[in-house]
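These are the structures in question, set out in turn.
Each of the two complexes below includes subunit A, the first together with subunit B, the second together with subunit C.
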Partner chain A sequence: MTMKKKKTIFTAVVLAVLLAACVAVDLTLPSYHIAVTVIKKATVYALVAVSMNLLNGFTGLFSLGQAGFMLLGAYAYGVLTIPVAKRASVYQYFDGGAIQFSLPEIFAGFLGDTVGSTVGMLLALLVGGLLAALMAYLIGLPVLRLKSDYLAIATLGFAEILRAFFQWNALGPITNGSNLLKSYPTFAHATPYVILAGLMIAVILLLITSTYGRAFRAIRDDEVAAEAMGINLARHKRMAFIISSFFAGIGGGMMAMYMGTIAAAPFKSTLTYEILLIVVIGGIGSITGSVLASFLYIFSSEWLLRGLDSGKFLGINSPIFKNGFRMVVLSVIIMCIVLFFRKGIMGDKELPDLLDRRSRKRKKEAAGK
Partner chain B sequence: MSKNVLKVENVTMQFGGVVAVDNLNLEINEGEIVALIGPNGAGKTTAFNVVTGVYQPTNGAVWFNGEKIVENHPQGKMKSMYKGEHAGEYTGVLAPTPDKITKLGLARTFQNIRLWKSQTVFNNVLIAKHCRSTSNVFSATFRMNRKEEAAQRAHVEELLKIVGLYDVKDELATSLPYGKQRRLEIARALAAEPQLLLLDEPAAGMNPQETDELTAFIGEIRDRFKLTIFLIEHHMNLVMGISDRIYVLDFGKLIAEGTPAEIQNNQRVIDAYLGVADDA
Partner chain C sequence: MQELLPYLINGISVGGQYALIAIGYTLVYGILRLINFAHGDVFMVAGLVMVYATTSMPFYIALPLVLIATVILGFVIERVAYKPLRSAPRMSLMISAIGVSYLIQNLAFYITGGVPQPVSNPIPWISENVTILGASTKRVTLVTPVLTILLVVALVYLINHTKIGMAMRAAAKDFETAQLMGIKINAVISMTFVIGSFLAAVGSMLYFTNYPSVAITSGGMPGLKAFVAAVFGGIGSIPGAVVGAFIIGLCEEIIKGLGYTTFSDAFTFALLIVVLCVKPTGLFGEKVTDKV
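Here is the complex of A and B:
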C-alpha cells in the first residue's frame, strides 16, 4: 500500500469516526445538553478559524475583520428567515420591518415543509456569505494596499464600524436597530452543523491544495519572488480576502443559528481575537490545527472549566472559584501553549501528515536549527 | 539578421539625487548570451529591476520583442531633479507590475536567493507554472483542471531532471546546499516559460568547480529551450566563457560594450573593473 493511499484511508476513518460520534451524541443526548452546545459552537468557530487561517496563515495577510464579516452573515441569515407571522413582534419598534418575506417559508410552499425550509435556510446562509464577500471586495480595494499591522488595524476598524452601523436606528426596519432579531428557524441537532461546516472546510482545503492555494503560499513566503514569477499580487490577495470573508459570512450565519438570537454586540473585536487565538494555538497554516484547537478551546472554556466560575472544580470547593476565574486559568493555559508549542499544536502539518515519518524528521531538523 | 528581443533605450534610474543608472542603452538579440558586468554598486541589479518592472525608470523606455513594455519620463519631484539627457523624448507612462512582464516571457533569478522557504523543491517550480495556467479559482478548487495540472506536473518533473534536482524534489527548498538552490532558482524561472532569462549573479558564492558546471549548464539550457540569456556576473571565467557580448557599467554609465576579447583589452574596463592579473 502506498503512503498516499494509507493517508487517505487514515483521514477517511478519522472523519467517519468523528461524524459517527456526533450522530451518536445527537441520538442519545437532548439538544439542550452541554455536549451538543459545545459541538455546535466549536464547529462554527472551526469554520471561521479555518477561513481566517486561509487569509492569515496561507496568504500571509494579517486581517482582523472576521467579526465584521460574521456579523453580515448573521444578520443576513436572521433577516431572511424570520417567519412572516412573527415579524410584527420581532420588529415591534419598526412597524414589523421593511422585509415581508421569509426564504424558508417561500421554499416550504412548493418543496414541502422539511425540505423547503432547509433549502431556504441554506440559501439564507449563502446570501450571508455572498454579502460578506461583496463587502470584502469593496473594502479590499483600498485596504489591501496596506501591509502587515496596518492591514490588521484597518480591517479591525472596519469591523467595528460595521457593528455600530448595524445598530443604527435608521436601519431599524431591516436590522431592528439595537434590538434583538429572534424567532428564526435553527437546526436543533449538532449533526447538520458538523456536516455543513465540514463541507465548507473541505472546499477550503481543496482551494488550498489547488494551484491558487500554492500561489497564496508563495505570496506568504516571498512576495517579491511571487510577483517576479508572474503571480498578480493584487488579484490573488483580493481573491483570498473575498473567499475568506465568504466563509466567515457563512460562519456568522451558523453562529446566528447556534445562538438563537442576533444582536450586534457579540460581534465585537473580542470575537476576532478568540478566533485568532484558535488559529495560533492550532498552528498557523494548518487546517487540522484550527479545527482541533477550536474544539479544545470551546470544550475547555464552555464545559471543562465551567466549575472554576461556579465554586466547584474537580470536586474541590474553593472561595477563589468565582466569576471570572475561569478566564484566568484559560489565559495561563494559553500562555503555556504559546510558550511550549511555538508553532501551535499542529505547526503547519495536517491530519494525514501524522503518519509521515519524514515530516517528523523534518520537524526535528527545524527544531535543531 | 536575428531578431531583437530586448532593447533598453535611454534608461535613467534616479533615486532622489543618486543616479543609479545613467542613460543606459543596450540591445539583446535572439539566442544571444549577453553579460552585464561592472564593479559593485555600478547599477547592474538596478538595470535588471527596471527591465523586470520592479522599479519604474525616471526616464526612458524598455522594448521587448519590438513592443514597448516600460516607458516613463521625469514627473513630479523628479522633474526639477532630473539630470539626464533625452528628457523630452518620452511622454507616455507604461508601468506594468513585474507579474505582467513575466507573463510576456521574461523571467529572472535573484542575486540573494529568493525561494519559497516553506515549499518543497517540486512545489517551488510548480508554483512558477501558475502564471501559465488557464484555470480560474473555481475550476481549480473543484479540480476541473486535472489535465492541465497533470501536464504542468509532468513538465516540472522534466525540468527538475534537466537541472539535476529530481532526486531531491520532495526536500524543502531551503534544505538544499547553496549551489543547488541557485539551480533551483533557474529551474523555477524556466518553469515560467520565458523567452528571455535574466540571471542575477547565478554563480555568486559558488566554488570554481560549481562555476564551471554552471557555465556549461547555462549554455545547455540556452540551446535546449531556445533562450536568450542576459546575466550579471562577477566570475570572469564564466562571463568570458559563455558570453557572446558584454556590456560594462561603471557608476551607472555604460563604459564599454563588445565581445569578450574586445572587453578584455579595453583600457577603460581594465582601469575601472578588471584590473591587471597577477600572473600576467
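Here is the complex of A and C:
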C-alpha cells in the first residue's frame, strides 16, 4: 500500500469513528446533556476557528473582525427563521417587525414539514454567510490595503461599528434593537452541527490545497516575492477575506442556533480574541489543529474544569475554587502555550501527517539496527 | 450652544483621560512596534485597585498605592509576556498581548466575582460638584485637562532633556543600532512600560471618578479609543497622541449631545478607518517606507 493510500484510509477511519461517536452520543444521551452541548459549541467554534485560520494562518492577513461577521450571520439566521406567528411577541416593541415571512415555513409549505424547514434553516444560514461575504467585500475595499497591526485594529473597529449599528433603534423593525431575537427553530441534536461544520471545513480544506491555497501561502510567506511570481495580491487577499468571512457568517448562524437567543452583546471583541487564541493553541496554519483546539478548549471550559468554579475539583475542596477560577486557569495555560509552545498542538501539520512522523521514527529505528 | 456647553466641557475632560492612556500606546508602539492590547486592561485594573484601596484606607495612602500597583503590573507584563518574544515575529507579540488582556480580564472577573465595583467618592475634593458658565459638573472635569497638560509637558521634558529620554528616542529610531551603541534596551523598554502604566493609572483615577462603577470590561472601550487617538495623531508621536485624544473626546461628546449616543463609539472607529486609508501616518507621524 502506498503512503498516500494509507493516509487517505487513516483519515477516513478517524473521521468515521468520530462521526459514529457523535451519532452514538445523540442516540443515548438526552439533548440537554452536557456532552451534546459541548459537541455543538465546539463544532461552531471549530468552523469559525478554521475560517480565521484561513485568513490569519494561511494568507497571513491578521484580521480581528471575526465577531462582526458572526454577528451578521447570527442576525440573518434569526431574522429569517422566526415563525410568523411568534413575530408579534418577539418584536413586541416594534409592532411585530418589518419582515413577515419565515424561510422554514415557506419551504415547509411545499416540501413537507421536516425536509422543508431544514431546507429553510440551511438557506437562512447561507444567506447569513453571503451577507457576511458581501460586507467583507465592502470592508475589504479600503481595509485590505493596510498591513499587519493596522489591519487588525481596522477590522476590530469595523466589528465594533457593526455591533453598534445592530443595536440602533431605527433598525429595530429588523434587528429588534437591543432586545433579544428568540423562538427561532434550532437543531436539537449534535450530529447536524457536526455534519454541517464538517462539510464547510472540508470545503475550506479543498480550497487550501488548490492553486488558490498555494497562492495564499505564497502571500503569507513573502508578499513581494509572491507578486513577482505573478500572483495578483489585491485579488487574492480580497478573496481570502471574503471566503473567510462567508464561513464566519455561517458559523455565526450556527452559534445563534446553539445559543437559542441572539443579542449583539456576545459578539464583542472578546469572542474574536477567544477564537484567535484557539487558533494559536491548535497551531497557526493547521486545520486539524484548529478543530482539535476548539474541542479541547470548549471541553475544558464547559465541562472538565467546571469543578474549579463550583468549589470541588478532582476531589479537592478549596475556597479558592469559586466562580471564574476555571477561566483564570485556562488563560494561564493559554499564555504558557503562547509564550513557550508557539507552534501549538499541531504546528502546521494536518491529520494525515501524524502517520508520517510515526513511520519516520520506525525508519530511524530500522536504520539504527 | 448653551445646551452643548456641558458636552464640550465633558469632551475636553474625556479627551484628557484618553490622552493619558494614548501616550502609553504611542510610547510602546514607538519602540516595540506592538499594539499593547493589554494597556486598556491595565487601565481597568488601576480603576479596580482604586476602588478597593480607597474604601479601606485614607486617600493620601490609597492614591500612591494605585500608582505603584499599576506601574508594577505594567512592568511585570512586559517582563513576562513580551520580553521572551523579543526576537519572535510581530504577530506572536500581538497574540501574546491579546492573551495577556484575556488573562487580566479573567483574573479580574475571578476577584470581583463579575460584579461591577461601585465607585463612591474616591478622591474627596475633585468629585465635588461645581457650576461653570451655567453648566453643573464635577470638579474632576476641570482638573483633568490641566493635569494632563502638566504631565505631558513633564514627559516631553523627560524625553527631550534626560539621558533615559535620549535612550528612548534612540531605541524608537533604530532598535538594533541603539543596542550596539551600548543602550540597555531592556531597561529602556521597561521604563517605557512604567511611564505608560503610570499615566494610565492617573487617567484611570480621573476617568472612574466620573463613573458609577468599574466593571471588568470597562477598560476595553477607552483603551481602543485611546489607541485610535494615538493612530490619529501619528503613532509614536506624543503631541500627536494628545491632540488626537482631545479631538476624539470632543467629537464623541458632541455626537452624544446631538442625540446619537449609539454611534459615539462607532464614530471613533470610522475615524480610525478613514485616517488609516487617507493618511496612515496620522497628523504628526513620520513617514516610513517598507524595505524589501
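Here is the rule we use: the second predicted complex is superposed on the first by the 354 of 369 C-alpha atoms of A that agree within 3 Å, B and C clash if a C-alpha of one lies under 4 Å from a C-alpha of the other, contacts with A are read in each partner's own complex, and residues count from 1 in each chain.
Throughout what follows, contacts are C-beta pairs under 8 Å (C-beta built on N, C-alpha and C of every residue); 3 or more make two chains touch, one makes a residue touch a chain.
Here the structure is a predicted model, which means the values were calculated and not measured.
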Q.
Should subunit B and subunit C be called a clash or a fit once both complexes are overlaid on subunit A?
A. fit
Q) Between the C-alpha centres of subunit B and subunit C, what angle is subtended at subunit A's, in steps of 10°? A) 80
Q: Classify the contacts of A:M239 with the two partner chains as first (subunit B alone), second (subunit C alone), both, or neither.
A: first
Q: Could you tell me if A:S210 is touching subunit B, subunit C, both of them or neither one (first, second, both, neither)?
A: first
**Q.** Which partner reaches more residues of subunit A (counting touched residues only), subunit B or subunit C
**A.** C
Q. Looking at the overlay, does A:R145 come into contact with subunit B only (first), subunit C only (second), both, or neither?
A. second
(Q) Tell me the contact category for A:V224 with respect to subunit B and subunit C: first, second, both or neither. (A) both
Q.
With both complexes overlaid on chain A, does A:L27 touch subunit B (first), subunit C (second), both or neither?
A. neither
Q) Is A:D348 touching the first partner subunit B, the second partner subunit C, both, or neither of them? A) first
Q: Minimum C-alpha distance between subunit B and subunit C after superposition, to be given in whole Å.
A: 10
(Q) If I apply the document's touch criterion, which positions on subunit A are contacted by subunit B in one structure and by subunit C in the other? (A) 224
Q) In their complex, what parts of subunit A are in touch with subunit C? A) 56, 62, 142-143, 145-150, 152-154, 156-158, 160-161, 164-165, 167-169, 224, 268-270, 273-274, 276-277, 280, 284, 322-325, 327-328, 330-332, 334-335, 338-340, 342
**Q.** Residues on subunit C engaged by subunit A in the complex (per definition of touch)
**A.** 33-35, 80-81, 84-85, 88, 90-92, 94-96, 98-103, 105-107, 109-110, 113-114, 217, 220, 224, 227-228, 231, 262-263, 265-266, 268-270, 272-273, 276-277, 280, 290, 292
**Q.** In the complex, subunit A residues that touch subunit B
**A.** 203, 206-207, 210-212, 214-215, 217-218, 220-222, 224-234, 239, 243, 285, 348, 358, 362, 365
Q. Subunit A touches which residues of subunit B in the complex?
A. 52, 54, 97-100, 102-103, 107-108, 110, 114-119, 123, 126-133, 135, 137, 140-143, 145, 149, 152, 170, 172, 175, 188-189, 192
